[in-house]
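Order as written gives the chain letters A, B, C and D; numbering starts at 1 within each chain.
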Amino acid sequence: MTTNLDTRIETLGAARFANPAGYGFYTDDRNRVLFRSVYPEEELATSDFAAARCFEEAGPREKIYFEPSKVKVGIVTCGGLCPGLNDVIRALVMELHYRYNVRYIIGFRYGYEGMVERHGHPPLELTPERVTDILGLGGSILASSRGPQDVAEMADYLQKLGINILFTIGGDGTLRGALALSQECKRRGMEIAIVGVPKTIDNDIQYIQKTFGFSTAVSEAVKAINAAHVEAIGAPNGIGLVKLMGRHSGFIAANATLASRHVNYLLIPEKDFDLEGPGAFLEHLEARIKNRGHALIVVAEGAGQKFFNTTTQKDKSGNTKLEDIGWYLRNRIMDYFASRGMEVSLKYIDPSYTIRAVPANPEDSIFCGFLAQNAVHAAMAGKTEMVVGFWNNIFTYVPIKMAVAERKILHTKRSTLWRAVLATTGQPDELVIRCS
Amino acid sequence: MTTNLDTRIETLGAARFANPAGYGFYTDDRNRVLFRSVYPEEELATSDFAAARCFEEAGPREKIYFEPSKVKVGIVTCGGLCPGLNDVIRALVMELHYRYNVRYIIGFRYGYEGMVERHGHPPLELTPERVTDILGLGGSILASSRGPQDVAEMADYLQKLGINILFTIGGDGTLRGALALSQECKRRGMEIAIVGVPKTIDNDIQYIQKTFGFSTAVSEAVKAINAAHVEAIGAPNGIGLVKLMGRHSGFIAANATLASRHVNYLLIPEKDFDLEGPGAFLEHLEARIKNRGHALIVVAEGAGQKFFNTTTQKDKSGNTKLEDIGWYLRNRIMDYFASRGMEVSLKYIDPSYTIRAVPANPEDSIFCGFLAQNAVHAAMAGKTEMVVGFWNNIFTYVPIKMAVAERKILHTKRSTLWRAVLATTGQPDELVIRCS
Amino acid sequence: MTTNLDTRIETLGAARFANPAGYGFYTDDRNRVLFRSVYPEEELATSDFAAARCFEEAGPREKIYFEPSKVKVGIVTCGGLCPGLNDVIRALVMELHYRYNVRYIIGFRYGYEGMVERHGHPPLELTPERVTDILGLGGSILASSRGPQDVAEMADYLQKLGINILFTIGGDGTLRGALALSQECKRRGMEIAIVGVPKTIDNDIQYIQKTFGFSTAVSEAVKAINAAHVEAIGAPNGIGLVKLMGRHSGFIAANATLASRHVNYLLIPEKDFDLEGPGAFLEHLEARIKNRGHALIVVAEGAGQKFFNTTTQKDKSGNTKLEDIGWYLRNRIMDYFASRGMEVSLKYIDPSYTIRAVPANPEDSIFCGFLAQNAVHAAMAGKTEMVVGFWNNIFTYVPIKMAVAERKILHTKRSTLWRAVLATTGQPDELVIRCS
Amino acid sequence: MTTNLDTRIETLGAARFANPAGYGFYTDDRNRVLFRSVYPEEELATSDFAAARCFEEAGPREKIYFEPSKVKVGIVTCGGLCPGLNDVIRALVMELHYRYNVRYIIGFRYGYEGMVERHGHPPLELTPERVTDILGLGGSILASSRGPQDVAEMADYLQKLGINILFTIGGDGTLRGALALSQECKRRGMEIAIVGVPKTIDNDIQYIQKTFGFSTAVSEAVKAINAAHVEAIGAPNGIGLVKLMGRHSGFIAANATLASRHVNYLLIPEKDFDLEGPGAFLEHLEARIKNRGHALIVVAEGAGQKFFNTTTQKDKSGNTKLEDIGWYLRNRIMDYFASRGMEVSLKYIDPSYTIRAVPANPEDSIFCGFLAQNAVHAAMAGKTEMVVGFWNNIFTYVPIKMAVAERKILHTKRSTLWRAVLATTGQPDELVIRCS
């Protein structure tokens, strides 16, 4: 940046009127966005910025830890499918092979299940020829599975195969598993670098601003929303209702809402709402139908769980099994209008797996490439118990412990994203019962 | 960020081997990525970080300058079409109408041409009803034109219409025009805020990390590349050649190359190359064809202009008219192989306008919404002679003077992007004649 | 056809081996396909081909019945949405306006509901400007509704408005309604031509080989199937299950199966199947999972209704309300494998409205244009109580009485389509309990 | 068809007004479309319909000629790429393997070039595993080449390999080659069935109403047209010009025009037009630009060849090399308006190979499957020197001699298709210089 350029913004004069936009919070004119994001540790140490408030920058290191000709690499994809898995696998293999001259690369099949020998899923040998054409394919050529496996059994198999580097592509549970496995390996004195590529279609891993597959998933979700919009305006008192992914965070639903622009109500896990009563959702919906003749609702799967008598079943990944808010909402809306004697035409769409089984879009493909290359750089340099992150436009290395400490959620207070959602939907910030 | 979380990365031990990857530059383990990007001016003033190295953060201000009921707003789209123009127009109108209660909004037709009354393009009245369904449409409902107009005539018309806020959606030339117009208005004592929404499909505006339409353009470009790939592998000695946009910067070509993964040579304006001679492009291409039987080449339109006897014609926007590197390269390759007696099957694809005339993808739609909302926030607060920027994941306000001071280019030294291109294509960093 | 060209096929000699393909029926070498489909009535009368076995050919007539300047036209879209509705509306308006100089065209809103004045949906005026840009939109700009209305009330409104031509775009129920309305109008001595454009996303109208929207619907259905395929192969013992439209006929499901090629079982209303027992579906499925590790199932919504205690509820269109075979099958499969102690990973996809709310693909757009133009030709020539048909590549006119006399179904005996399904899926022709 | 159903159309009365639509020809009320297309030879022999006016119906025969366990099959794809090639290859292999138990199937690489041993392209072994996942891929896994090869050399190689069945997937030139090769084989006493699957993206093979890839190509062409439309309306006096495939016939251009609905002028090889002079194209274009401010033109590559001094170069397939009508038209239009002092903004799009390198759409995929299965039925039954055809919705067998006797063109007199084009574009039937 040429130093003599002035970044101060010209104004016509002092602002004098109160902002009528009704947003809960405002940005101060004096807020400054740093031009530079990356600093050497030493420089930070001498400044007022605490050194702790930083991540290590990702990238190839001048010196590496492993001797390429001797290193043995394993790759595993765990948990639910996500657009871009094959892009990550391909880029890992290509970078290892062509840049680091690594010749032994295998892929474990069916997630952690394939890392336990007795399950009988022999690993796949991964070469550039094998992976060169997998970009256009959804899913994972290694397949996947849910749930943890015994770390001792996994360590046994790694030891037997002589693996030095393990790339685990997965989410929260996968990362916890990787950590436990790494600790078991250390206990045994095995020298193995375990590096995660964070995978969460919900984009809910903390300290990682964007995860792969998210852009693609949002694009697909928009199609379902647009279909619901067409149905809603296509019938008298038409209501479109779309359920989208998002167990604990409404990022897909919120971003798809912003992209579609037709949504009138967005319901997400992070924001409480009531159904009946003054100020609650159904009353508001009724008013809108009367006024405008149609309405479009998007609900994230984790929203409104308070309506269920949660007996907290868990699936194999340890995720709490959610009750189906989509059908519940559909029925409650139908009942409500029936009780009012209003005829409505409700169309319910649950695009489910169609959103995650597609190939990555170009945006995600590029992103997957960078994630995988940086994962290789880290592992070859001997770094371990870490995931590749992305922060303020820079790729970073984040300790697994830190990434799994808490879950990223969509903040609804002082949040630019939620503010944009309210502006787009026109829904009130609160859809809970008003206390009179 | 919970303060007690340790961001240091675990390693297996000291890295000891030289990195064989052959990248020209490496990242230091001690490089730190700041967690926080935004600081109050005061805090920065007391730290070692110079206050000048910052941008003003975008967002709604608590107080605004204009009285909503009296403000008159004009919108204009200039220069070449770009995916997302209608998204920006829609979001400007919606934010002005629903959030700021502005009721007078007009759109000038055919770019700056429509801001000169005698050209006879009456402005369009813009209301929520008029713009609600324009998201799915490519192009701009206001249409556009190239080239500057007389600032005095434009100021006359603005004065006559009583416009207080002008949003100019355009690139480099448009921004310069906006600045000149603003200065003319000041001279006349007119009170008018002129705020730019940066539009450049080439993504080449300085201090703005990402511009709208770019993601969509890359996605479309990938389709052309994939078609060329299919043709190249579908014939004996098949060569696919694709020309993409990029007058001065190869961002579209580079990103489409990363997304497609099949490209063997990327030629961009920022990187010199020779055609014939030892070490030059054609010699390398010949070797590849002999080895592999096919090749895929992507060239940005501004590349290799040194091959032409530049008589520096300019188009109406003041851009230098480029000779067609696509056809030139096609002919040179054909001639070269003919002279060698090698039969090749070259397929040339120039997707041209098909890349920019499509509707914005969801990624770009969302981005357009934020840009437009932040433009409205700025203008209503009385800010002027500025554009909305995006820096390290934060929306910013950038003085026009600064944004037009230089052009953003794709750096090919110490560049993460270029490094990824080399890794993907496998092409040598230099394709110039070797001095023996 | 040049008469001296010989159409006889050269053979190497007499065929001597029994065909091992196992198809239930075979084509005779002596079967001949007529070159010409259309004959003047007179010519047929003198031949051995009975004149009754023909349809009237569609097309513009040299003389017309209505005086263009005086004719008043109404258009109505009824029943469920279908890709191409807007294409039909647009083409009707364009042909009427530009070719027949008709100036009064209105669109009734919300189906037959809008043809009853007291419901308060004023009709929309339809002009070329209004419809020129509606091609890219899913749904119907006129909206739709289900169910019949009182024919007297409809006739009242038509009479009041002075409508001479009514185009009804809809399916079986709509056509019956049109017929009843026409008879009421005749009784009143009203001179009105009622011409149907057949609309059925299920493609189940008799004597009409292909209906608009079907090609688009199949394309969308393929996406859901492909997603289910990716999920099925992406997990240990993965089962993909997709429910598609098709209340009484499995055409969408069968064609999507042929296009996708990954389906292992297709279940349709026209073909009986059992779930448990020797030779039944679940036993076969179990064997496949054990053998191949994954399976992909497509079921049409009207299949397997015998499993339900049909209390024969009807929806407003008079269609019997179907029990949800998708969920039922999902649960039965899960229970079956649970009872066997086999762990499977079943992914259920119901793409529902996403299939019908999209815009028409180019194939359907073209088809819609021809249908609409031929509808206009018929109505202007004074033809009534008919629909436009398509038979052996020729557009025809079919009496409504004939079109509604029975429903078109997918034959599973001596059927080319079913034979292709069996070849693709590899499923046995019969999945019913074997009698021992 | 239930015999007692009456197919006569109800009318309001005798048509009395002349049809104002201005179409050159009209359909007679007495034209009848035969319900049934297929008849046994014997039945036809006794009727007034000449037996010669028929094709043999395609389908599996009860007896076959070759013993499956001994038969050796070769497949070759020739000429330009076309969407669906991989679908055809896959379906041939699947039908041969699973239905006819054929175990020896090879694919020749690079077209006829691969059938000459000395060119050194060893054939590919084709198994179900090899082809199961090729549906999503554009191009041909066998690759292709243009031009004939020496029939003696090809026969040598077939003899050496012991091939009994050869499937040639290609167009006019390929079929002629197949015929010559068959005659050479006969001369040698080789027993080989040669069956063609007709491939022509231009859909210009006579006696075959629809060829595979055409639907996909039209869909892609529509995208280019829509982009040109957006550009045309996006600039003052905007002109969009799109060049599409169609060397001798304008089917792609005409169908894409019907699907897009925005085209104002369609220029095809089958219809003469002049550029300058009264009544010619440019005069008409000028009037339109003045009236409407924009225009959209589609030209097929074979149109207007009369403007060139044809030195009749031929490409390797024996096709006359065409001069580029797209660039020629672009320049003539620019010059014309320059000479008039009218400023226009012309955007030229040549989508070229992007149209043919994409994967088949579902419509084409299904069609490819039927073509391939019927090709297998024919070859296994010992039929030879024939191609699979499609006529009035029925698959047929057509002698190669007949299929190559003349080329299918788009008739512009008494043509339903051309009539629809005129109705859509609004262009005059004649754009030639008026004789005064």
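Everything that follows uses one rule, which is that a residue touches a chain if its C-beta (ideal position, glycine included) is under 8 Å from a C-beta of that chain, and two chains touch if they have at least 3 such contacts.
What you are looking at is a predicted structure, and each value in this text was computed from that prediction instead of being measured.
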For chain B and chain C, chains touching each: A, D
Distance-maximising chain from chain B - centres being C-alpha averages: C
Between chain B and chain D, centroid-to-centroid distance (C-alpha), Å: 40
Averaged-CA centre spacing for the pair chain D and chain C, given as whole angstrom: 27
Centre distance in Å when chain A and chain D are each reduced to the mean of their C-alpha atoms: 46
Multi-chain contact sites of chain C, meaning residues that touch two or more partners: 137
Touch list for chain B against partner chain D, complex: 81, 110, 113, 121, 137-140, 143-145, 223-224, 226-228, 230-231, 233-236, 238, 345, 347-354, 357-358
Chain A-facing residues of chain B, complex: 1-3, 5-23, 26-44, 46-49, 51-68, 90, 94-95, 98-101, 135, 191-193, 207, 209, 215, 218-219, 222, 255-256, 258-261, 361-363, 365-366, 369-370, 373, 377-378, 380-386, 391-394, 396-399, 401-402, 405-406, 416, 420, 423-424, 426
